[in-house]
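Pasting the structures here.
What follows is a pair of complexes built around chain A, which joins chain B in one and chain C in the other.
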Partner chain A sequence: MNALTGSGRARPGTGIKVTTPHMGNLHLLLEDLFGRLGVEYIKPPLSSTKTLQIGVKHSPEFACLPLKINLGNFIQALEKGANTIAMAGGHGPCRFGYYGIVEERILRDLGYDFRFVMLEPFGDGPWTFYKTFESLAPGLSIPSLWKILKVSFAKGRAIDRLGRRSLQVRAYEVNRGDTTRALKEAEKILAQAGTTEEIREAEAAAVAVIEGVEQDPERDVLKVGIVGEFFLLLEPFSNFDLEEALGHMGVYLERCVWVTDWIAPRKDNKIFGYPKKLIEEKAAPFLSQNVGGEGRETIGNTVMFAERGFDGVIQLLPFGCMPENIASSILPKVQQVHDIPVQTLAFDEQTGKAGMVTRVEAFMDLLWARRNGRLISVPRRGKKPEAACGGCQRAGTA
Partner chain B sequence: MDSQVKPGYLGIDVGSVSTNLVILDDDTNVLAAIYRRTQGQPIKAVQEGLKELTELMRGQEVDIRGVGATGSARHLTGVIVGADVVKNEITAHAVAASQVVPDVNTVLEIGGQDSKLIVLRDGVVTDFAMNSVCAAGTGSFLDHQSARLGIPIEEFGDYALRSESPAHIAGRCSVFAESDMIHKQQVGVSVQDIIYGLCHALVRNYLNNLAKGKELLQPMVFQGGVAANAGMKRAFESELGIDVFIPEHHNVMGAIGSAILAMELELDSGESNFKGFEVTGLDYKTSTFICEGCSNTCEVVRIRVDGKTLARWGGRCGKWEMQDSAGSRQKRELLAAR
Partner chain C sequence: MRVGIPRSLLYYKYLPFWKTFLTEIGLEVETSPLTNKQILSWGVEVAENELCVPVKAFYGHCMALRGRVDAIFVPRVVSVEEREYTCPKFLGLPDMIGAVADNLGLPPLLTPRLNQREKPSEFKWQLINFAREEFGLGRLEAAMALESARRAQRRYHDSLVAGRRPLDLLPASRLNRPRWRPAGKGTRRVGLLGHPYNLYDGYITQNLIARLEEAGVELVVPEMTDQHVLMEAATDVPKQLYWTYEKEIMGAINHWTEQKKVDGVIYVLAFACGPDSLVQVLIEHRAREHKVPLMSLTIDEHSGEAGLVTRIEAFVDMLMRKKPAVSAA
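Moving on to the complex of A and B:
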């Protein structure tokens, strides 16, 4: 057995039980990665209202939402027995750069005993990068770390491709909920795969499961692009499962960031399909500077979705996010020049789902009205129904 | 009196502060309109409102061909009365405004607990904004101040119109606005100047919150409960430098919009889901329970009548949402489609 198929082979004696924050399905990749490294991984309970409550209680009021959720994850994982926290570092030209440091300090002040490992980007120095992993898995060689990362990333990308496809299939699903169920099943198929070859085969089987969802290809759907701050985009808990809700309204979605796009050292955005450089070029007429976070990308991605003929764009951000607020103040200009409607939604622990649903429903009405050139888009009797509308569906509940 | 049965369309808008009901004829004329307080009890407000409507409609035979529900309690209302179309209040307001002023470009709407700005071009909504987590600039705040000053809210507008130089009130936040008003009053500024100053503060706050980056063009319609306040109209006109039109039924425009949406379904007699005015007599029971299925611990709301569950909602995962019965599915498919 070589390192590539070493899943589940814990290194004896280290006693390291590592945990990480949740961010969408990042844990699927990490389960695979730590399994191959032979490091015991304590997955925090999936982010929930409870997680947020814990996080809010111990976070500064004005910290952004992702920090509060991270902190909740850590506390829940520590209570589950984790003794090592691995957190992404980086230069973070927004507050994210301080997350790790602040989170560690808060947890120490609360009296938790743990080891804190800051994972700095590969580009900051391959040696430091390697030593960080080596500290978790003593005796790990550089070639085996390289091989393990390669195969785990291959799996992570496959998982992301499934997610990307599910955002499109859901718009056409005949039975509400089928796509979500199929995606879960597909992810399970991939989890079993060991070698690169097995991952390839598993992905084909998993794709077949998603494609197997009963679909109505005749349905007229809206095409909406999702842009904004990465955590809000990647973690469905933080955005009230917005993508699923939109899918149920018959909206075909494309999202501009995926887990492996975000954590990959190279900025070619394999899953989204458009490299960072191109996005920056598209943003340049409106914003030529890096304003931190994903501010510039938000502008560039909006331009790109407009050029590709999408009906509209939704921008998500944590309340008080500086880079995204800069972007949202520039977006009206993009809307005007590229003739594309943009709806901005900000989230924090005070955000209610009802307000978000109302705005999203109204935005979908706006997009339909634009497409049909008519304000009211309920059917005239005898006319062929054009597409399902989530907003009206509850009317029949009885 | 015309004893002929004519088709009618019922629109219901249940907001946080007011519950409005209208009946339109098939030419969108308002046959009856009701504006009442929700007082924290949406079901009761709807039932009482329907009762009032039957009183108003006495002597006229109307066959309800369609029912629309809107407002923050739209889903609840939809279940109670059997609505044919349940739509968000932004769309409902836009629909109503463009019925009254077909070439409307801007809709200002200020209600009890939120405010909206809707931008239209060529009869289609192109942009909108709705305020969030802020009560400054809504009806509730005006209500509160009228009570504090001992001036009925209905007379607020007249006071504002008599003002010659509005006091500058800090309007960013209702708490600051109140301290500032008290300060102005204690140094001897007249009540009418304070009230008109308050109107200006609300308008500035509204524009700062909602209108950033949006082009506000004429014709401009101002609706919602607060449009009854002539001081607010004056303040908008002076801040924007353009004429603001207030429709006759400005306080029930959401309900009118939802009735129009129901009319658009073009249902035949008897096809509507409407449960009839008799629902006023039914005893609806709502209860909530915490789902322990996962760590989200969602609060699920259940609505029952005569021990039978009508609807459930509130869960994150959707497992408590009720499946439609086979009979209503066909109808739903017709109605849910565009």
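Moving on to the complex of A and C:
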């Protein structure tokens, strides 16, 4: 349990046991938040193959992968005793804003009994936003909700900053696995922090743990940018822990989407660091319209990685993701104009880890060859190679 | 100037509107042929593997216009209703086609942005400005062209509601009557649910409509119901849908089941269709709740004819064994 100093008064007697889907380390933030709100949070078992199997079994066949994993999370949490499901909403144009409704329908058709709470964006009105929280924590006042959100978010941002740094440190680590272990420890240090002041101190201590990883600064590393659909980027389970694997190959990574940037969007993308407006401007010559999800960001960020001299870009997406399919239809043009190799990797429940690793390794070979001057320009994408499995895997460049 | 309209996607909804508007602003309009083997295989070759089949076909239609026109009309239809969207793919379409235009040798694209998500009157100005900026028309001329286009679309809508078949869209067949086949004694009514660019594209759906008519059932399509009625019926969901065209589909099944208009429903959806992959759950639930048999047909570029025929036959047989719906009149 959290050692939250003073703020986490449990509200006895509401009987509310709330659960939410997993998305990477979002649960770290939620544990903190619900702790402070005094709401009992039933964390679903971490997403696993089992989760996915359950989700796939009950999901429509070509729903996008995140929905299938969500559904698995919900079922596992309901079985763990959750009686309330809280799910984020939205207003399109991609599917995410309607996920909750469909998930609720499927669960009810399966006979589960629960309360369903949809958290619509803050932009729909602060009152609705507050009421949603108040329905989970009766008696909660607006000022205390505001205060709690602020502290919890400070912690969430700190967690994201640790993750961001670890993507770079890992490329230089001397002993494989040190960074991953350090990150776990660093996150634990943060989890204990209560007040804003404590969070600040804990973050400094946590950063020191990550920086303390023994590194080889002389190592020649590749610089790769990770773009794509938010869930695939945020949930390591869904992408076979690709970032860790790349780190172990000695690849320095920057990723465009972070939990707190995503759930509390700001114009300046606090964690990723590049303002939305700039990204949109960079995308505009290729895609001048928000197409939902991260479609436009994928294009804009690819341009930026190219301009910043990165060796290559990897686009991750769930199979059939609309915004990312639009982006990947346009990316060949971006590659051509900005001369940057892009590898598109689509994931669904049939995607195998081995195939994915092979493709990533081949892509890294290509990047090294370019770096060493053995390959001058990005190979033009010709005919699409045959799908490696069930039509779900495609090679963008390799 | 000759401008080409790909006979694909939203052409199936707005053909009179676009044709009239472009003609009235002084352009010569040419449409690509009905989808055929060549067109679809071009599309499949060029388009991203994961896209839905109608969008792949759209690429092929653009290619079919090469050498025949000076420009291709690929509007960016972002939103046709307040607070709603079409489908993300329509939002990105001009950029998707634009990304391959040079390599494929396509003529320049005309891509007005049509978006009335924020304000309902916006559409009008966007089209008027398009005519003024691209073709130097006066405001009044452009407004008049828009008005004729609106009237043409209105007439078309009304004629469909009155039971006329969208003949210009359907491939020729020996059953090409101007009106849908009326209910004969002992026939069953089948509601055909789906996007018009799938339902009516005989090549993509393997002549589904002709096959069903030959099987002797009476067909009911969403376009037979007034738009307002569909939109109203679509509100019977736990959270309002933000995709207008899915709303029409949802509205149609809600309306049909509510009014007992059909004995069964065939729901045609494209493989990897984003919006339908979710709305499908609500549609199937609705049909179950109202005890209306529903068959979902997923189509893609590999859909085989044999499987389709067997499934249609089995479904129609099953309906014939059941009692007809109560108020089929």
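Assorted remarks:
Basically, the second predicted complex is superposed on the first by the 364 of 398 C-alpha atoms of A that agree within 3 Å, B and C clash if a C-alpha of one lies under 4 Å from a C-alpha of the other, contacts with A are read in each partner's own complex, and residues count from 1 in each chain.
The criterion applied here is as follows: contacts are C-beta pairs under 8 Å (C-beta built on N, C-alpha and C of every residue); 3 or more make two chains touch, one makes a residue touch a chain.
Bear in mind the structure is a predicted one, so any value in this text is a computation, not a measurement.
Once the two complexes are overlaid on the shared chain, A:Ser141 sits clear of chain B and of chain C alike. In the superposed pair of complexes, A:Asn175 makes contact with neither chain B nor chain C.
Contact with chain C, but none with chain B, is seen for A:Ile326 once the two complexes are overlaid on the shared chain. With both structures placed on the common chain, the touch criterion links A:Thr195 to neither chain B nor chain C. Once the two complexes are laid over each other on the shared chain, residue contacts for A:Asp241 go to chain B alone; chain C is not touched. When the two complexes are overlaid on their common chain A, residue A:Thr128 makes contact with neither chain B nor chain C. Across the two superposed structures, the residue set of chain A contacted by chain B and also by chain C is 329, 332-333, 346, 387, 391, 394.
On chain C, the positions that touch chain A within their shared complex are 45, 47-51, 76, 78, 83-89, 91-92, 95-96, 98-100, 113, 237-239, 241-243, 271-275, 277-282, 285, 298. Chain B meets chain A in the complex at residues 69, 72, 75, 78-79, 82-91, 94-95, 98, 120, 122-128, 130, 132-133, 212-214, 260-261, 264-267, 273, 294-298, 310-311, 313, 316, 318, 321-322, 324-325, 328-329, 331-338. For chain A in complex with chain C, the touching residues are 60-64, 67, 89, 91-95, 97-102, 104-106, 109, 118, 286-293, 295, 319-323, 325-326, 328-330, 332-333, 346, 383-384, 387, 391, 394. Against chain B, in their complex, chain A makes its touches with residues 45-46, 48-51, 176-177, 220, 240-241, 329, 331-333, 335, 341, 346, 350-351, 354-355, 357-359, 361-363, 365-366, 368-370, 372-381, 385-389, 391-398.
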